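Read from first to last, the chains carry the letters A, B, C, D, E and F; within each, the first residue is number 1.
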Amino acid sequence: MQISARNVIKGKVVSVEKGATTAHVKIEIAAGQVVTAAITNDAVDSLKLTVGDEAYAVVKSSDVMIAVD
Amino acid sequence: MQISARNVIKGKVVSVEKGATTAHVKIEIAAGQVVTAAITNDAVDSLKLTVGDEAYAVVKSSDVMIAVD
Amino acid sequence: MQISARNVIKGKVVSVEKGATTAHVKIEIAAGQVVTAAITNDAVDSLKLTVGDEAYAVVKSSDVMIAVD
Amino acid sequence: MQISARNVIKGKVVSVEKGATTAHVKIEIAAGQVVTAAITNDAVDSLKLTVGDEAYAVVKSSDVMIAVD
Amino acid sequence: MQISARNVIKGKVVSVEKGATTAHVKIEIAAGQVVTAAITNDAVDSLKLTVGDEAYAVVKSSDVMIAVD
Amino acid sequence: MQISARNVIKGKVVSVEKGATTAHVKIEIAAGQVVTAAITNDAVDSLKLTVGDEAYAVVKSSDVMIAVD
């Protein structure tokens, strides 16, 4: 499957924390650079996400903001 | 200003393309890893975004998806 | 690729309208039920989206609201 | 009330699962086609969402992605 | 129609700027407090949005961030 | 830090409710006008959000919809 989202960044799952309905999954996309995703517990189960897995962080361009100091 | 968004990734602006109302700004966050942001033309002007600037890509955790091969 | 987004709905591309930077793509997911996506022109090119193509509308659960009459 | 969101899809509530703060509501929009929404528990209470109710899944066009095989 | 989005803020349309596909609509929700919405040109036409109209800014709670100084 | 998000609205924190992973924070932006944000528990801790604090509700323009009666 190829997706329209312009940001598909390869990394490694470093943490999976399930909540009551919402899980937080952290992916290391570069040394020391971790991205946090809030997804459904169902998605964690469906993708069998486990610490150490290769995975991608996927973000639609319209969901990216820019900041400057 | 400190923001609740958990993903604030430092990079360098490599492209600014204004449209009629929506601009696309690309930030290189690591060698060869470019993130695309769709923001308003107004924001580009307000932040004076220019190629070569240091800037941050900011993404709310609830806007990050995970994919696996 | 398998994605965490819980809503992946098969359909057929019925319209592709490129703007200056943002394109509107319409997918018919059932007889008379059309979904509109606002994506980048780049994504339209990259996925070679053309009227008549099979495609999927993909939506993260946290982007779905519920309304009642 | 009429809303700018271009995607308002009629269906029937087939599941309501409250979490600690976030609920997952599933709406069947066509035979076998279920859409999942992650909304606040407050919204579930406020709209009195119950299995069997008619309801609409509402999605802003900028939150819809397209994928192809 | 009643919607799950928890933030429905009444105001007055003070500006409508159509782009190629995406429009920017500004709503004054309090004296001097203006909210900008990026919506489709189609939605502007469909809702017949005109400067001076009463309208609501609608935002899903999961799309609101918090910042502190 | 200056951000591209066009909507940065000052207010006062009136409620902080942590869930298992997702917190709901309410900010009063004008007399009787409260905005709800769904953010991570981590963000609440990191920003040390407490009832009575001054804070800003931040919303990207592409996440704002318009409704009319």
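One rule holds in what follows: a contact is a pair of C-beta atoms (placed from the backbone, for glycine too) under 8 Å apart; a residue touches a chain by one contact, two chains touch by 3 or more.
As the structure is a prediction and not an experimental result, all values here were calculated from the model.
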Other chains in touch with both subunit C and subunit E: B, D
Distance-maximising chain from subunit B - centres being C-alpha averages: D
Cα superposition of subunit B on its sequence copy subunit C - rotation in ° rounded to nearest 5: 120
Of all other chains, the one whose Cα centre sits farthest from subunit A: E
Self-contact between copies subunit A and subunit F, residue sets same or different by half: different
E-F, C-E or B-C - pair sharing over half of the A-B contact pairs: E-F
Mean-CA-position distance for subunit E and subunit A (Å): 29
Centre-of-Cα separation between subunit E and subunit B, whole angstrom: 23
Mean-CA-position distance for subunit F and subunit B (Å): 21
Multi-partner residues of subunit E (at least 2 other chains): 1-6, 19-22, 24, 36-40, 42-43, 47, 56, 58, 60-63, 65-69
Chains grouped in pairs wherever the two touch, ordered by label: A-B, A-C, A-D, A-F, B-C, B-E, B-F, C-D, C-E, D-E, D-F, E-F
Interfacial residue positions of subunit A with respect to subunit B in the complex: 3, 5-9, 13, 24-25, 27, 29-30, 33, 35-39, 43, 47, 49, 53-69
Subunit A - residues contacting subunit C, complex: 1-6, 37-40, 42-44, 46-47, 56, 58, 60-62
Residue ranges of subunit F touching subunit D (in the complex, touch as defined): 17-24, 36, 38, 62-63, 65-69
Interface residues, subunit B side, partner subunit E - complex: 1-5, 19-22, 40, 42, 60, 62
